[in-house]
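Chain naming follows the written order as A, B, C, D and E, and within any one chain the residues start at number 1.
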Amino acid sequence: MSNQEKLLEIKNLKQHFKVGKGTVKAVDGLTFDIYKGETFGLVGESGCGKSTTGRTIIRLYNATDGEVIFNGEDVHGKKSAKELKKFNRKMQMIFQDPYASLNPRMTVSDIIAEGIDIHGLASSKKARMDKVHELLETVGLNKEHANRYPHEFSGGQRQRIGIARALAVDPEFIIADEPISALDVSIQAQVVNLMKKLQREKGLTYLFIAHDLSMVKYISDRIGVMYRGEIVELAESEELYRNPLHPYTQSLLSAIPLPDPEYERSRKRKIYDPEKHLSENGEKRVLREVTEGHWIACTEEEFNKFNVTV
Amino acid sequence: MSMKQEKLDELSDHMFQPANTDALENEQIAGESTGFWKDAWRRLKKNPGAITGLIIILIIVLMSIIGPGMNEYSYSQQDLSRAKLPAKVPVLENVDFLGLNGVDIRGTDQYEAKGVEEYFWFGTDGFGRDQWTRVWQGTRISLFIAAAAAFIDFVIGVAYGGISAYYGGRVDNILQRIIEVLIGIPNLILIILFILIFEPGIFSIILALSVTGWVGMSRIVRGQVLKLKTQEFVLASRTLGATSGRVIGKHLIPNVLGQIIITTMFTIPNAIFFEAFLSFIGLGIRPPEASLGSIINDGFKSLQIYPHLVLWPSIIISLIMIAFNLLGDGLRDAFDPKLRK
Amino acid sequence: MGRYIGGRVVSMVITFLIIASLTFFLMKLLPGTPFNNQEKLTDTQIVQLNEKYGLNDPVAVQYFSYMKNLFVGDLGVSFQQDGREVSTIIGERIGPSAYLGFQSIVLGTIVGLFLGIIAALRHNSFLDYGTMVIAVLGISIPNFVIAGLMQYWLGVKWELLPVAYWDGFAYTIMPTIAIASIVVATIARFMRTEMLEVLGQDYITTAKAKGLSSTAVVIRHTIRNASIPIITIMGPLVVALMTGTLVIEQIFVIPGLGEKFVNSIMTNDFPIIMGTTLFYSLLFIVVILLVDIMYGIIDPRIRLAGGKD
Amino acid sequence: GGGGSNNGGNNGGGEGNGDSASEQIMNLYATAEIPSMDTTQATDATSFNAMNQVFEGLYRLDENNEPTLGVAAEEPKEEEKDGETVYTFTIRDDAKWSDGSAVTAEDFIYAWHKALNPETISPYASMFGTAGIKNGNAIITEGDPLYGKVEELGAKAVDEKTLEVTVENQVPYFKSLLTFATFYPQPKAFAEEQGEEFALEADTMLYNGPFVFSEWNHGEGWNYKKNPEYWDAEVVNLEEITVKVVKDTATSVNLYETGKVDRATLDADFVDQFKDGEDFSTILEPTMFFLRLNQGENEALANKDIRKALFLAYDREGLVNVLLNNGSVAAKYFVPKDFVKGPDGADFREFAKDGFFADQGEAEAKEAWEAGLEALGTDSVDFEFLTTDTELSSTIAEYAKEQFESKLDGLTITINKQPWKQFLKLEDAGDFDISTGGWGPDYPDPMTFLYMFETDGAYNRMGYSSEKYDQLVSDAKKETDEAKRWEMMQEAEKVLMEEDIAIVPTYQRGLAIIQQPYVKNYYVHTFGADASYKWVKIEGK
Amino acid sequence: MEKILEVNDLHVSFDTFAGEVKAVRGVNFHLNKGETLAIVGESGSGKSVTSKAVMGLIPNPPGRIKQGEIKFGDRNLAQLPEKEMQKIRGSEISMIFQDPMTSLNPTMTIGKQIMEGLIKHQNMNKSEAKERAIELLKLVGIPNAEGRVTEYPHQFSGGMRQRVVIAIALACNPRVLIADEPTTALDVTIQAQILELLNDLQEKMGTSIIFITHDLGVVANIADRVAVMYAGKIVETGTVDEIFYNPQHPYTWGLLGSMPSLDSTDEELIAIPGSPPDLLDPPKGDAFAPRNPYAMQIDTEMEPPLFKVSDTHYAATWLLHEKAPKVEPPAAIKKRMQGMAPDEPIIGAKDGGKHV
């Protein structure tokens, strides 16, 4: 994989929020790369900073520290409005809540065409509508839906509208922040299938944020496991599921219930005790590459141990 | 879980042919297309209270337009020989309990006593002016003031609250402190100053209203915008590169509009009252023009003797208030996303 | 908490000073002299009086000397009442206003809450509309009309209550009702909305699922939560009512502050205007602070330190 | 006197509780607070009325508005010297302050000097000049060599009980004036001791009148108690009087109906309800209402025909009978009737009983109007009608507007309703076309009205200037022959009204009163204090 | 096995502005003593309404039970007066709700919220109730229970709040516990803890549980029997093995197929196309037909009855009719059916970090 072209490089990204007197270190020193055309999965428990990471990358928040390099350019450097606009076209986002992410007062066509309007991508009204219709078809909806309002759609359909909106500006990179976790199981598949299809057809790159690990594994090429604002383990998805090294990853994996009664009867959960684990050794854990492409946050000592066992 | 096996056996084979699954290809949505407003309107229509309110408002607005022209009297034409007549309405005068027969509360037929032939549907005031004409004329002015207040709410309140919340942080802090100060300054002083500078009358009243009248609205809008601006659809728009102007105009304002309308429903009665208070302290409308507030205030002194002077405008002011409140509550329900689905 | 309140107090003081200053300058724009029956005075005398009270100085000088006196707690003397201390005048007026305001708030709040709750529990029923109409009537008939009607019927015709004056509990009943009518309407309206909101919350279903009776659910789980937003509107309401309402005080002959305040503005009694304004804004600011603190007490989720707005 | 349009305290009288008919308690109300109980400061009816009950000057007004002996033991000795008259008053031995100390001549001198002292800024300091007391005018005239020299006043305490007053300019109403609060004594020692606090509260003053304040709750009201130290205490029947400040007419009527007050003033609306009752009566006050016509600044109003048209177009009967309905009378004159009698014992008004242009009406108004317009070369005129924010002035303005507009073609009237202070400011600045004016007497003489419209008179305010009028007024002021003076004043009024038509008089104010029949001897006055309670008796309750 | 609860032909409707929403349209199921019945189905299929009907908590208006009976012992809960129902609620049948963040009263201490039910149903006095509350908190695994009874919900994390909610539900040792998506709002790790806790408690107390979810993983973990709901009806019911390894209804296929099987990534997920039917106007025939690739003519005309597959396994699909053509289930489902139970564990973490 390393021979692949890097689309996005994230270096020591930090995002701290001031809350009252204190600060919340929502993201605290993230470093990872995303390659062109891949799907990078980001998992972790609720509140570990996944959304913040996504939003900081796309500049919804100004990073406290660190760099986000997209196509070789620093996204967080000083930018003119024009450059920013250009950047906005290349990177897009799909949101978690299909109910909150569509403006209830706008028609579907206006929602989808928002990017077209902002960036002046359509020469005429007709061209604009054509593009909207095309996008609707791309996401499996049809023309008739263009003039309707979001509340008339089911969750899955709404999420697809959200995808169409993101696609309208022909982005290269899409951040999907838990795009399916608010959806019904039977509908999740619609969205995931669609995302896969789009990736194939348009060569998109995804940052896929989720806490549903089975879906993440299904869709991702590589997965990063986040814990308390930091990445604790990063590997290709097969590798991560087969050979989780970090105790937190292990506990996470062991907790997923699978639709398989037999298996469930015998499943044993591993419990991760951060107090114990983190206090084991005073040394700060840093990401180290244990095998090719498999990184884990560990101490020197642990690292040596891993090297032996693997 | 019993099954009527025999019956099922009778089913013919062709029934088990694959069905036309065209439907599968096309996404469908149930029901007709309804926009947000249409939807709200549909729900409003089902709310008898709100509809009653709306109808009352429409009737009152209509009457305020045509009412003064419905008889030959003007609102300022005085005739002391027919002062303070109670209401008398043709036909209805024969229905005793309605009290529309020109007999005052002491039982004298004032029309007879004063030798008046004409009918005054709401009676006359101390100057012998036709109350019907004056009351509707007053309604017109009160409604005008109300409309102006609503306009101020829209222009100042919405913008102020919106800016405060949208820019947040220090801007918000400063703007909110300014409101505290505005509320702290006695606005009667400002009203008097306006009256001095701009002469008494509607204009001064409206200016006085615009000093603090919009504070409630700005609070509502601010609260809503604070909530909305972190909503994902706003974030989505920003990731698309939308400017602040676009976010405000396309996303925030349309979404607070419901709340704004509801708040307006409550602003309107308040404005009418505010004017009535000004009348009470003598700073209201410029005579002989009248507002509902000033008519009530003029008649108030003779409440015990000539209750009709207060009765009719009070009924109308109450109807307006009730109607706007009913409509406001109805709109709140109609716009409430939780009641949607 | 201490630090929070400290910070708030500082910002309150600033707000207070700004209000004081603005009011001072605006007040100076009012026309005419502040003197009683100014048309009786000769021009020379007016000049002399202005001199005596420092009204000939540039406004800025007057302002600073006012502020200086303010810091030592000297509010000056009334022009209209021939040299009586402003603080004395406010002192003797505030009692009735505060008493009446308090009583109206309590009565109005209780009735308003009750009506609001009933309306919400029977949402969209006849009872709901009925209650709301009653509540709305409370504000839609100007309260001086309500007051006048009560005075005539309850006082003169049926002789149930004293017509006017301020001389014991019986005397407070009619004015209280007249003022409370607004409170009732306002609270009822808010309470209805809030109750509807709360009744839709999951924890209400939880409470019902425990097998609690409907009354217990309403009393223990809804009222308190629904009341939290009510506290916000109570702030300004309390101030408005505690400081008296001109109209009611006039009709029921209550020696309250509201009447004095309006009168002082009409007569340019500058020291009284300033004194009352300062008193009002102080009360206002303090009440707002208390409301915020109350929030924290009633709603354990709001910790003062974090809770801005 | 005063700008009668803004306030007027009214009191009513007498009830007691319980079955005893002899319970001597009267319950009243006032429409305003007492702004001041300092005799040198008060300007308003409420204060004057209260002072009349608790203080006493050399004279007080009796039932017939005639001065009767007060603190003075007997009629003064009169001596003519160098064209000046010296009155020597003897103060009653039993005239005492409520602390038992004697009322002395020095107390009078103290109070009078205080009033004249420019530093006191007493609004009625000019009364000394009006009364003709020597140097009274000079002392308060800036630039005069005597300015501020109060000791130069023609008044001296000869000994403890003897007061000598030198009058340089004899006026017939001299004794009446002495009943006015400005001429009351103040307890020197006590006042000096109290300093700034004097007369601010019930216990920071002393009383020498029939009553004392037993309680004074500013804002709420005040109570009187019989003053046992009063020299004439045995005449005083009432033991107690309560007064509350009631500003709302309906409330006061309701209080009357429930027996909480014994006397109430009615306005038009209530008259109908009470006019057939036994307890109803009307009083005609010597207070005049009129419209000022700004002839100084307004070109149209400078035209006499226009003014005449306005004078004639106004239907005063409707105003007094329907709108006011309280015993007010239509007035086409400026000096009120039933106010003062001339040397011949006839009312001043006898000479033009029904006022001026009495027999002319709408037709003449129109005629004059046309003539006026023609002279102006226009066919439409706009006037701004300045008035105050009170109910009554508003009513009058609305009525006037309709009267004028409906009868005079081409006239448009815009009503400008302003708060009182602003009204004064605008009026003073001549910033109006027509404004509502009112005037009540300061002393019982037509001059209290007529001097207003001298050129440059402080209350002229409308640019009226007539040499003839000025001459007549100033001559009348100096004239010592009563009959001549009377003639001059009548002539002056005629010039003002008939020749110049300077103002449009509207009505002479009446008061509609309801008073419990058991209140006896409640004497109402035409000038100074509104009433005297000294003789009131509760009987047959 | 003893049936503790039996629901027969339950119909529940809501009267809305748009018309009558037929949320539940003839549901039949029973609950045996000591077992866990899972009800699965997509959003809006009527799972919550069914369970609320059992609790007598259908808001009225707009909702009403149109017909059917809910037999609990010898009582028919569908017709029990409110007063009687209040005695049952919380003491004999209790309920846990989906979102622990919102199902606790934010202004009342945890302790009080637990004690309420105890005081009401068990006639305890305050101190007894408090003692029991602490005991319950310990039972659901809240550390330092004594200290925390006086705390407010916002001082607890999501997982802990859900434990509190469970403690409230268990307070009076109910015979039936209805859990309406009790873990949907939680993290996987916390979800696993809660599931363990429920399994545990059931073992200890023998409670019968109705567990509502749309997560098939959870179902596999906790259920003894499963009922699959679609559009207000139960379309398939059976033991957990029967449903997972031998599903018969195309909707069940869809559900199972839409979850990725963790061992392979290549195949497409089986999405159920379209969206759920409008319950205002449910389609004639099989409500699932419009989304069913195997639909037959009859599906559009006639509602399928429940066909018996085994004694414990029933499914409402015409495909089980003898005249119906044999259809091939989707590949993933076939794999399930063939293997009945997959030989190998699907993921490596099955027994923790044995690879390390």
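Here are some notes:
The rule we apply is simple: a contact is a pair of C-beta atoms (placed from the backbone, for glycine too) under 8 Å apart; a residue touches a chain by one contact, two chains touch by 3 or more.
Just so we're on the same page, UniProt names per chain: A, E = Peptide ABC transporter ATP-binding protein; C = Peptide ABC transporter permease.
What you see is a predicted model; the values in this text were computed from it and never measured.
Number of steps on the shortest path from subunit C to subunit E, with steps defined by chain touch: 1. Both subunit B and subunit D are touched by C. Between B-E and A-B, more contacting C-beta pairs join the chains of A-B.
For the pair subunit A and subunit E, the distance between mean C-alpha positions equals 31 Å. Annotation: 39 Å between the Cα-based centres of subunit C and subunit D.
For the pair subunit D and subunit E, the distance between mean C-alpha positions equals 91 Å.
Remark: subunit A and subunit D have CA centroids separated by 89 Å (rounded to whole angstrom). Residue positions 273, 275 of subunit E each touch two or more of the other chains.
Multi-chain contact residues of subunit D (touching two or more other chains) are listed as 250, 419, 422. Those residues of subunit C in touch with two or more other chains are numbered 30-31, 148, 152, 266.
Within the complex, the subunit E residues that touch subunit B are 17-18, 28, 273-275, 277-278, 280-281, 289-302, 305-308, 314, 318, 321, 323-325. Subunit B contributes residues 26-27, 29, 31, 33-36, 39, 231-233, 235-242, 246, 250-251, 254-255, 257, 337, 340-341 to its touches with subunit A in the complex.
Taken together, the subunit C residues at the contact with subunit D in this complex read 30-33, 36-45, 48-49, 52, 80-84, 89, 92-93, 148, 151-152, 155-156, 159, 162-166, 250-253, 255, 259-260, 266-268. By the touch criterion stated above, subunit E contacts subunit A in their complex at residues 42-43, 158, 187-189, 191-193, 195-196, 214-221, 223, 240-241, 244-245, 254-260, 262, 265, 268-273, 275-276, 341-342, 345-353, 355-356. Those residues of subunit D that touch subunit B in the shared complex are 249-250, 253, 267-270, 272-273, 318, 321-323, 388-391, 394-395, 397-399, 401-402, 406, 414-419, 422.
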